[in-house]
Each structure stands twice: as C-alpha cells, then as structure tokens.
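Common to both upcoming complexes is chain A, partnered first by chain B, then by chain C.
The block that comes next holds the complex of A and B.
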C-alpha cells in the first residue's frame, strides 16, 4: 500500500509511510512559494506532487484538530538535522490548514528578509526602521494568490493613511489593501504590517471568524544578525526592519484563534555553524525567550518503513534507472550512503 | 640630446656592466668614445623610448652581482652569536647547514634551503644557542643578587617560604600571543606546614564575613553576568504566567493569589525544571524531550 487518496484531514497513524497526492489545482494556490526548490523540480518531472505521510506532520495536524482556539495561540516548532524533512512537514500541515478553510500566512523563508536586500528604504511610519519594498511586494503577491477567497470577506477595522492623498477607509475589503500594496511598492512593507495587524485582530472573532495559520520557515532568521548595512556601514539589527518587526508580533501568543507553525533552518541562516540544529542553538537566547512556551516537534531521518516506502515510490516512478539500484544489494548501498537522510537520498537517486 | 645624457650618466656612475635594451651602450657600434661635451648623435639607440634616467620601461637598473654566500667563508669554530645575535628570519646564505623543508613533490625530496619560503616563514631559534644563552646570563649577572647561602636545602626553602606560586608560560606558533592555559596559576600551601592555626582561622572568618558584604557595584549585576540561569523573573516565567492567566486556567481571581497558585502547580514546576535544565546544561535530545512533555502538560495538550 504505497498510495493513499485521503487528504490530510482524514489521514491517521495507519497511513504512516504512505504517499498522498496533492491535487494539481492546489499547487498554484496553496504553494506559490512554499515548497523546497528540489521538490518543485521533482513535481515537474513526475508531473504530480506526492507527499509522504510522516509522524511529525501527523502529530502537528492532530494538535491542530484538538486545540482550543479561544485560548492564546500555540506555537509549534519543527526542528531536526539538515534534510530531515522539516519544510516538507510544514507544507503538509499548510495543505491541511488550507483544505480546512483556514487563512494561511506562509512565509517561505524568513532568512530572505534579513539578507541580500538591494533596496532598503527608511520607513515613513517609524523613523528608525527600514522598509524592504521588493520583498514585501513579492510576498503580498503570493499571499493574494493563496487566499483569494478571503480577501473580499475580511473588512478592515481601521482607517489607514498612506500619503496625504491616499488612504484606505474602514470597512473596505482586505483585497483592496493588498492590491494597493502590490501596486504601490514603496509602502508595501507598511501594508504588510497593516495586513498582519488586521488578521491578528480578527482571527478569533465570533462574527465571520476564521482560523489563522502562521507558517514561518527558517524562523531563526528573525532573531540574530543580518547582513544588511546602513549607509554609514553600521549593521542593521533585525528589529530595525519593518517586516521582521511585524512578523515578530505575529509570533507572540497575545492573539487567539489560530496557530503558529515554524521550522528552524540552518541552510540560509547567517552566522550559525553548520552542525547546529537544536532550537536553542539556532534561535539564540532572545529567540528562545520570545518563542517560549512552544511545542518542539522533532523531525527525524527516515525510519526503515519510510525508507522502504520512498524507495518503492522511486522505483514505481521509474526514477531509479540503474539496474543495480533495483537489487537488494543496491538498496543496502543506498541506505549506507544516505544514512536514511531524505534529502541526501533524493540527491543520490537523482544520479541513478 | 637624449642619448648624450644617457651616456654621460653612465660614465659618471662608473658602472662596468650596463645592459640597457640588451645593447652594451658603453661602446655601441664600436665608435671611438670621446670624453668631451660633444658627442655623436646616438639617438637611434633609444628606440623611441623617452628618457627615464636609469629606469627605462623595464626598470633594468644596473645591479651588481650577488657575491658568494657567507657560508662559504665560515670557519668551523666561528662565533655563532655574531651571525645570529637577535631573532631574525632564516637567511639561507648565513646558515651553513644543508637543511631541507617542504613537501616532496613527485616522489622527490623536500626542497633545499635556497629560495625556500617555508624555512623563512617558521620561527627559528638560531639566536638562542647554549653559548648565546650563556652570554646573556653573563651579561645579566651584574644585575642579580646572590642566592642566600642559608637556603641551601629544599627543606629550608619550604620552611621559610611555605607558599609556592607556580605560573606556566606557553610557546607556540600561532595567530595569537595569548594561550588561555597560561592564565591558570597554582598556589600551593602545605597544610602541615601551617604553624599558625589561629591566624588561619582568623583569616578564614574574615574572608567569610567579607564575602557577605555587598559592594555598591554588585547591585549592577545584570542577567548576563549570572553564573547560572534562574527561572524566577526570567522572560520564560513571565511568558508562561501570562499565557496561563489568559487561558483562565486558575479560574477567577486576580493578582498575587492567582500567581502563587499557578506557581505551585506540578506542571508548572516541571516546566520550570525543564527550562532550567535546557539553559544550564545546554541542549540535547533528552532535554528537548523533557521540555516538550512539560510544555504539553502545562498547556493541556
């Protein structure tokens, strides 16, 4: 039993190790920017997106099903060694939230906001902060694609003034705000802040309430150092960036009606040793204190059963072409070479 | 004219070999040379290059040949301290040893000392031969006092100087002068040699009471200075308290009573222990699991 046709909502322990297919229509809406790049290539090659049902994702989904959404938000942190499947588990959970009708706020990689920014504008709203127009407008575009159906339903509760002539009135739909942010790139960071604030206020609401899932990949990028420099070559601290400042507010548990699911990531992180994978090493003191109390969810390497399943999937898709890889000997070699690490196995099989 | 000044400058420097442009300018074309102000036009020798004095386009300044290395003229019983009086880089012409250093490429041998950068890079102690050190000692002797004649046995030294302080210095080639192990100093006192028990007790009592005194600057101790993590008044405690209060776990009631009640709960105690363990002992899989279970219990998952 390699495949299951059940969507995440109906999956349970008995489906561990089986693959389920993400419907193609969901790919563009749910995952415009969230999937790992190699997985996206695999999807294009195989012409379908199959995700393995694994323990961490199931655990997360069961927590999400049973949680009480009138209490302050729960934070879940996926951690594990490089390549163990944290981003994929996050995407699996995001797919579940999306199929259940939640509003998904997916930040594909928080590290992208603290490095390699070509343009840093001083913020108009707050004197000592900096805006990142390109990153903010990109993210707003993807947000719009993911949550089209919510944009007309949610109404703003406050009036936002952008310039002397432009303002968004109370009661206008959220979609208008997002469109404005995408078109007026200069104020897009402030638009992101406004969007986050509105969603935070309205998430647990009783009238027309919706559940909000904040999925952040590489959350350890929000605390720590950046590689950005001000004009006088002094380094920029993360809290001086508008986007980071607003996102940190979302991760606090002072709102209710949703969940925060985050992963740690060493790849792409700045100034972190490559062997670091435990929460405190990557988050640092400040990050840990902000996230505390959170539920850490460890993501381990493939178990024997999961490895079997992955191997059979590649065989089934005719991905393993080399004749030796189809033998028992070859399988043992693969186990030895990859140490059952999912990403290493994927890269190895790409050569065969 | 250009060539005229060129020739004049060469003669005035009195060089024997001058190879400018590969042509021996001293007597080019075998013309008769006249030591007069006038001379024939040799501008054809210039080949169109502007005059730069002796520099020329390739800086072929005339240089004397390197002589024989000093090693050839070294007698066996020479005074080595004159060759290397101070710490200087390795000079292959001054060291009469057939030293080889480096990686043997293609099954060869380590390269010889001539032109060997590896030998120059490393520190050498050629200036510290036993003879040199003897000379240093002789030079320092006028500044030293004599060893007290009464302290001729080890026992007598111990008797008069019971406290021994041992410091270590380290020498190594590296990027930094400092070696952290050099900061460790051993102070040895033999307890059996302590004659004055009363004085020792007095000292210890004084130290004990002194340690209880609070200096003004001690109140400026910040969280970063603390040796151990204490959960009270930490951000972790504040977070969990506010979370629990908002979850209305304790029921109705405000302020201190609620806090006390919450702190007394076993789940909160467990949570406190796990966080303290994480911060003090560092992270590991087991401490993470403990933290996970504690959080799940506290938040009723």
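The block that comes next holds the complex of A and C.
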C-alpha cells in the first residue's frame, strides 16, 4: 500500500509511510512559494506532487484539530538535523490548513529577509527602521495568490494614510490594500505591517471569524544578525527592519484564533555552525525567550518503514534506473550511504 | 621488454621499476575489488578460478587506487571519463559535473516518459548509464588516420585502431566539443547532457566528426599500402 488518496484532514496513524497526492488544482494556489527547490524539480519531472505522511506532520495536525481557539495562540516549532524533512512537514500542515479553510500566512524563508537585499530604503513610518520593497512586494503577490477568497471578505478596521494624497479608508476590503502594496512598491513593507495587524485583530472574531495559520520557515533568522549594512557600513540589527519587526509581533502569543507553526533552519542561517540543529543553539537567547513557551516537534530521519516506502515510490516512478540499485545489494548500499537522511537519499537517487 | 623479463623476476627484486607510467614490478598482480568473487564457496570454483586464488595467495598485489571501490555502482568507463574531464587534479568538481549530467539526462527522459502515451513508453530509454554507454559507442571511430613519411612527403594513411584508442578518441571529442562549442552562459553539465542525448540518437556534432574521419579515411584508401604493420 504505497498511495493513499485521502486529504490531510482524514489521514491517521494507519497511513504512516504512505504517499498522498496534492491535487494539481491546489498546487499553484496553496504553494506558490513554499516548497524546497529540489522538490519543485521533482514535481515537474514526475508530473505530480506526492508527499509522504510522516509522524511530525500528523502530530501537528492532531494538535491543530484539538486546540482551543479562544485561548492565546499556541506556537509549534519543528526542529531536526539538516535534511530531515522539516520544510516538507510544514508544507503538509499548510496544505491541511488551507483545505480546512484557514487563512494561511506562509513566509517561505525568513532568512531571505535578512540577507542579500539590494535596496534598503529608510522607512517613512518610523525614522530608525529600514524598508525592503522588493521582498515585501514579492511576498504580497504570493499572499494574494494563496488567499484570493479571503481578500474580499475581510474589511479593514482602521484608516491607513500612505502619502498626502493616498489613504485607505475604514471598511474597504483587504484585497484593495494588498493590490496597493503590490503596485506601490515603495510603501509595500508598511502595507505588509498593516495586513499583519488587521489579520491579528480579526482572527479570533466571532462574526465571520476565520482561523489564521502563520507558517514561518527558518524562524531563527528573525533573531540573530543580518548581513545587511547601512550607508555608513555599520551592521543592521534585525529589529531595524520593518518586515522583521512586524513578523515578530505576529509570532508573539498576544492574539487568539489561530496557530503559529515555525521551522528552524540551519541551511540559510547566518553565523550559525553547521552542526547546530537544536532550538537553543539556533534561536539564541533572545529568540528562545520570545518563542518560549512553544510546543517542540522533533523531525527525525526516515524509519525503516518510511525508507522502504520512499524506495518503492522511486522505483514506481521509474526514478531509480541503475540496474544494481534495484537489487538488495544496491538497497543496502543506499541505506549505508544516506544514513536514511531524506535529502541525502534524494540526491543519491538522482544520479543512480 | 617487461613481458620477457617476467620470468626472471623474483620477490626479492626491487619493488619499483620504471615501466612507462607504472612503477610497479610486473611481478605484482592487479587488485580485484569485487565482492562476489570471494563469496563463491570452494566447491563451485572452476579450475582457472582455483589457479587464480592460489596465485593470489603467493604473489604480492598492487595497492588499489582511490577511485576504485567495491561498490556495486562503480563503473570503470565512467571513472575514465571523469579522469579525462578533470582539470588540475580537481576530481570533486569533475565528478560533480558528471553526476549533474546524469541527473539532468534522467530528468529529461523521465519527464518525457511520464508525458508520453502508453504505446510510446517502452521506446523511451530512461537509464542515464545506458544512454552514456550507447552514446559513447556511437561516437567511437572504426578506422583512424596517421601521418606516415614516404619519399620526403607526409601522407595521411588509414590504420586500424585499438579498443582503448577508440574509447579515448570518443571521450576526447565529446569533452572538447562541450568545452568549445557552447554559449558562454550554458553550464557544462547542461551542454554535456544535450550532446550525449544527441549522440544516443546518432545526431549531433561528435557523431558528425566521427563520420568526417571515416570519409577522410575512405578517400585516402589508395595510401593504405604505405602502412607496414
């Protein structure tokens, strides 16, 4: 039994190790920007997107089903060694949330906001902060693709003034705000801040209330150091970036009616040793204090059953082509070379 | 010279002798890294294998190179190709390029396979190793040319080639073609995968170069008797 056709809502422990297909119609709406690049290539090659049902994702989904949404938000943190499947578990959970009709705020990689920024504008709203127009407008565009149907339903509760001539009135739909952010690139970071604030206020509401899922990949990038520099070559601290400042407010648990699911990531992180994978090491003191209390969800390497399932899936999709890789000897060698690490196995099977 | 001296060599003769690149005394035997050979029990050995085993217990054996493994995925032809592609001894980069090439070829073929209708699926070859070997076979020239001096002038004379020379020429042409005739921004593995797939279906510049060599040899048939070996 390799494949199951149930959507994430109906999956349970008996489906552990089986693959389920993400329907093609969901693909472009739910995941415009969340998936790891190698997985995207795999989807293009096999002409379908299959995700393995694994223990961490099932645990997260069961927590989300049973949580009480009138209390302050619970924060879940996925951690594990490099390549163990944290981002894929996050995407699995995000798919569940969007099939249940939640509003999903998916930040694909927080590290992209603290490094390699070509344009740093001083913020108009707050004197000592910096704006990142390109990253903000990209993210708003993807946010618009993911949550089309919510944009017309949510109304703003406050009047926002952008320049002397432009302002968005109270009661206008959220879609208008997002469109303005995408077109007016200069104020897009402030638009992001406004969007996050509105969603935070309205998430737990009883009339027309929706549930908000904040999914952040590489959350350890929000605390720590950046590689960006001001014009006088002094380093920029993460607090001085508008996007990071607003996102940190989102991750605080002072609002209710949703959940915050975060992943640690050493791969894109700055100034972190490559052997670090525990929350304490990657988040640092400041980050751990802000994230505390959270529900830690460890993501381990493949178990024997999961490895079998992955191996059979690759065989079924005609991906393992080397004649020796289909024998017992080859399989033992794959186990030895990859140590059951999902990403290492994927890279090995790519050229075998 | 080394072949005739083998009978005179004893274990106490010096280990190192200068014989072209190999500095080993020809008394030493080649290493045999495959595991299956040693798993056959005593009773099932053929007489030659028994002899070989006895010889191995007496004679010294050369040290195995770093590139030879007992892995089932070890391929001598591919290792030779990697060595030929290597520059300045950087085998990591060369091996990386080859693995990316194999992956790229497999991706293209598997994508075509999944999109093809049922009838055409059996004709699409997805195994990158099979494609590589077949492409190399298609590029190997059958006959070569050499320059022979006769009466003050040099003539291009057609000669037969050994297997090693043919394999070397095919690989050399493939690598030079991919290094020279590509756009500045195309990466090596991309160009290599395109050339190998073209050679697999007998199109492309390398196969063209092989055909041109054959035509030259055919046109110089008259000088074939200048060859004296």
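A few notes on this one:
FYI, the second predicted complex is superposed on the first by the 352 of 352 C-alpha atoms of A that agree within 3 Å, B and C clash if a C-alpha of one lies under 4 Å from a C-alpha of the other, contacts with A are read in each partner's own complex, and residues count from 1 in each chain.
Assume a contact is a pair of C-beta atoms (placed from the backbone, for glycine too) under 8 Å apart; a residue touches a chain by one contact, two chains touch by 3 or more.
Quick caveat, the model's predicted, so the values are computed rather than measured.
The superposed arrangement places chain B and chain C next to each other on chain A without a clash. By the document's definition of touching, neither partner reaches A:119: not chain B, not chain C. Look at A:298: by the touch rule set out above, it reaches chain B but stays clear of chain C. Of the two partner chains, chain C is the only one that A:46 touches; chain B does not reach it. Residue contacts after overlaying the shared chain place A:322 against chain C, while chain B stays out of touching range. When both complexes are overlaid on chain A, the residue A:289 reaches chain B alone and has no touch with chain C. Judged by the touch definition given at the top, the superposed model places A:351 against chain C, while chain B stays out of reach.
Between the C-alpha centres of chain B and chain C, as viewed from that of chain A, the superposed structures give an angle of 70°, to the nearest 10. In the superposed model, A:281 makes contact with chain B only, not with chain C. Once both structures are fitted on chain A, no C-alpha atom of chain B lies closer than 11 Å to one of chain C. Looking at the complex, you find that chain B touches chain A at residues 234-236, 239-240, 243, 246-247, 271, 275, 278-279, 282-285, 288-289, 291-292, 295-296, 298-299, 301.
Every residue of chain C that touches chain A in the complex is listed here, in rising order: 71-73, 99-100, 102-103, 106-107, 110-111, 113-115, 126-130.
Contacts from chain A toward chain B in the complex involve residues 63, 66-67, 71-72, 74, 79, 253-254, 278-281, 289-290, 292-298. Interface residues of chain A, counted against chain C in their complex, comprise 41, 44-47, 317-319, 321-325, 327, 329-330, 333, 350-352.
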